[in-house]
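Structure first, then comments.
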């Protein structure tokens, strides 16, 4: 058996913004014998998870489950609805938005990329303006990231919807909720989203390996005419097989066991309470950052992420050396700076299966790590978080 | 927690030809906390599995691991090496070969499909003839299924290689080993295969969710010029990240734990012994079928599969009713007839984590099921298998 | 991690008459974090298992749960109710009855031991006679083994009860159900038993480590005056703490999780069905033994055990060499001959979490082992069992 | 499956002084199929754990492993070495020492009980004096608790040994290490202990269910003449069976799997590092208590326990209400006051599988709980601990 921890004692603190700490209940569910994916017991499982997962997306429409990473669900959203040379409007909220853009380019799409500084949410007005300019309706889809995992900035999807509607533009609205679903309030139907992209390893509290597309009727209609080549990601055979709880190719059975259990846990806690818990932990974390005298990457207070907090390192201090100290001294994994933020920020994940004392341990690890690594800061971050949490 | 078994007592017999019975060691390995996929411990895991899995493919070249079903590895083989409109030569060995063909068509490839009767292996001479006719070298790849999971027929890959070489044709050789890898002797390098396609849920003894491409240098070179759109399946970023044990997008961490353990188990038993064990169990199964007076679907004795055995139902008797009886009375899942074989054959999986007594229980379940379902047969199948096994 | 199987592939057949094959559901339940044994969640668990386990004993009275082996529950039965020098009447049904006698002797009790040939059940008439002779009522307890695990002979507890009543004797009736509880119909209350002794690792489908005493009011009254020294095994503090679901010293928390799950499984199947299943598998096994031309150790057809079958080796053939062959060739553990039966019998466990196909595999292992070890027999045992099972 | 946590999200903090947080590695080891306790694989397991556990006791002599709670190992120590009416000298260090005394009384021993205030360690001089007075050598054993789990006071066993030797007294020395073994430096051989008593659920990081006696040659000799009735706890059959790795009655197989893994973990970390870690966490905890302005129960700085810290509640504030607040608000279990300390102290466990950040989370839970429950204190405890830990 592989040794998964360099440290000899105690539980590792996995405080990257995903994969998150998988609950024991979910791990034990996954650790059950694989069954016949064409048999009656599987059919019941399939129906249960396909139905249950809709609650989390807050949709009454279909949710397609792929055996893949979340990245695959990005690809699926595009290849099911678009044709070679189609134009999509994307917004540079950070590293993952940039990766999605790159992916779109590789698939042969033309991308209008609204540039951003990786510190602000989507500018809905700019989207509206761009769409208004698109008299020929060449833009077929607007793609935004709900919660930018690389920056800790959450965008207002309803504002994007209003901008599209305001421009009277027929583009599809696609939203990446990989690090928000199950952590941040998100409403596929009410907000008029056409394709929602999600993964298993964040708020859904599963290991990585499942990806999701929630799909509107308009998106389904687009799939009928879309001409990008597609097979693995094709929604149509999926939806047909899903009707009876099955899948057109072998599904990731054991992760579906875990999904069944994770959905039960979310239901037991209740989504409103789940969202409130994330807001509370995010606020406590920001209070700690402020107390340390460090700078949040996110500059718009209305857009601070409930799921993670990205912290800017003081000038002259590398984030990676700091994270290495924290890992080696305190057995905690923090998120690294990605893309152009490499070595400049570290990210604290406070999403998924999480509670107050684990947050306090996490913040203590950051604060002691700052001291141990010689990073200028004021102590008092944990104290500030505790003052809030105990209130 | 989901109840995975309709039967109240005893262990389910999962004797479909995959997913196979996952060993407890592998399940427990998967049931470990997810770790940071960008941290040092993951890097060591990544290097270990990327290196270790090569032994099973019998290759010194790279093996790409996707978080996907085996179906995804079919798609990956094609999109990495081919361009829109390219012609591929495929061989109709059965349902899965037909699905691969369909997939190729959807991706915009032209398929030459050598028709077959689903009861014989690949006709290497026919391949040679077709390639010889292809004076313009329009055929870019020859795609064959090593072990047709729908029929229990294994093809001779070396004969295909010789046919290609005999024709002096530059086409790539792609082989689907989804239900043979880790069960049937297979040698990617020695046999001159360019892309080998595999999945986790058969001889590798894992749950479904991982897929593999072993890649030759010639295939890698083809990837440089191939123009089918690709992103998720792209080998290039994979191979770059794999150099240090990492992946370009979030990998299926917990299944990789299981792969690590499964590779250890295969190494402990030794591949030659693994292959011998499968041959022995397949022979015992065929002895039982003969004793029952039933007909093998596979007609060429040299091509009987070591991994599964497909049995033709006597005229007037449906396979699905029989399988239902076996499931309900004896808590065993048998493989159904697929595609045009629906209701006409049943398939006995005898691959993966398996031993003599489980085989005897399996054959007893078939034999008692035949009796219980009123299917004409002679008893004595279990006896015939035991005579062989005890020898 | 320890390697628990000498064989490289497939699931071990654990066909000793206990410990039995622990269901995955129970193992996963045990594999949950240990909790505070004095906290509210534990209290709810404690109440649930203390209440639920009564159903299995078919009693409305208290059942004491010890963190110990079944052997401890033998000791507990005696030390709670008896005083130094007290006389107990025991019956030599086999090895375990003999061990219980030895234990009683060590505790300072005088034992009247009704001799037996280890092939017959308890002779209730002999008990009645001995009690009738005991004019001074010096015998304080009659101790019998319900199902002799060493011989595969089940005794009629109701006959013993009638014999005691017939003699008008006040002795307590104590019954060892270690290998019958949860497998063979047993009714603590209806049959007028005073102390029932049981363990976790047989019909309750748990690993070893829990032991039980079901206790009548008469036994409780005896406990008030009994003078054998006792502390760990003392019922009184147990029962007081149990009222709110707790224990006077640290209980075996994780095995109690398993008990909770095992009780759920027994309830789902239903005790009548559980008992019928065991009777059916026992009969199939005896049909196999008869077909092999081998001799049952149990001589009284009315007393053949539903839980295990002991088979006498043909003269000149050692049971241990045979069992070694079966273990090495077929990866199955069979029960050895115990005490004076050493090397003369082998025992087939067919109890606990078990089903038809596992039984067929088991019997095939015995039959092939007989052939492989050169033990004279007729083939056809598996066939005979299948004829019965498929009916 | 039972729901083990009233809280909907995050990992429970089990910070009672045992049972401790069981590592995932140990839980997964326990979650393996039970095997034949008389077969060859078990023999290898048995030898491995019987040998390996000696390292933790720092002895070259035998260690007996019982399937029982630690309480059973107390009883075993006494019944194996003493006779009815023997006198033992015990020391009132706290609740558990008092329970051991009560147990001795129940077994029919006479107890000389050196009274104590539950806030100090064993007074070795008083022991020496009492032994010196015992001219007739009626005292057969001196029994002390190494680490009083109810008070957080650790006694100096070497001083007790010197006191016995100084008095030239032949009494056996018995030491309870239930909450110190594997956490606090302890040397059975070097310190001249005759019987060491231990349990599985503290520093050994297992669930409860195994208990231990390390036994000196002198203790073994005493067992030859001791006349307290004994059977389950008898060392002699144990030691005979242990020679080949087996046990005289069914052992707790699955917990032995866990012991095998726990021993591997202790070996990987190294006992000196394990002890240093506990000392460090204990010191950090005491710094927090001091910063809160609360009172340690332990009054002798040389005797503060490395494994747990008991904190005295300010007058007028009940510990149980405080602990309830902590459990309900922060999902952490703290140890209650036992016996005469009920409601007057709470105990923080910082032993077993533990690390810096879990300690910080634990102390944060205490500090926030004090605030939430309105218990007078100064904030700054977590800060004080962090100042020390980060140094």
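All chains are identified by letter, namely A, B, C and D, in their written order; residue positions are counted from 1 within each chain.
By definition in this document, contacts are C-beta pairs under 8 Å (C-beta built on N, C-alpha and C of every residue); 3 or more make two chains touch, one makes a residue touch a chain.
All of these numbers come straight from a predicted model, not from anything done at the bench.
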Touching both subunit B and subunit C (chains): A, D
Required minimum of steps from subunit B to subunit D, each step between chains that touch: 1
Distance from the mean Cα position of subunit C to that of subunit A, given in whole angstrom: 54
Length of the line joining the C-alpha centres of subunit A and subunit D, rounded to whole Å: 45
Geometric centre distance via CA averages, subunit D-subunit C, whole Å: 34
Set of subunit B residues in contact with two or more other chains: 1, 11, 21, 24-25, 28, 31-33
Of all residues in subunit C, those that touch subunit D in their complex: 1-6, 11-12, 14, 16, 18-22, 25, 27-41, 45, 48, 66-72, 75, 84, 102-103, 106-108, 199, 201, 207-209, 228-232, 234, 249-255, 257, 260-261, 327, 333, 336
Contact footprint of subunit C on subunit A as seen in their complex: 1, 24, 28, 31-33
Touch list for subunit D against partner subunit A, complex: 1, 7-11, 13, 21, 23-25, 28, 31, 265, 268-270, 273-274, 277, 329-332, 353-358, 360-362, 364-365, 367-368, 371-372, 379-380, 382-383, 386, 389-390
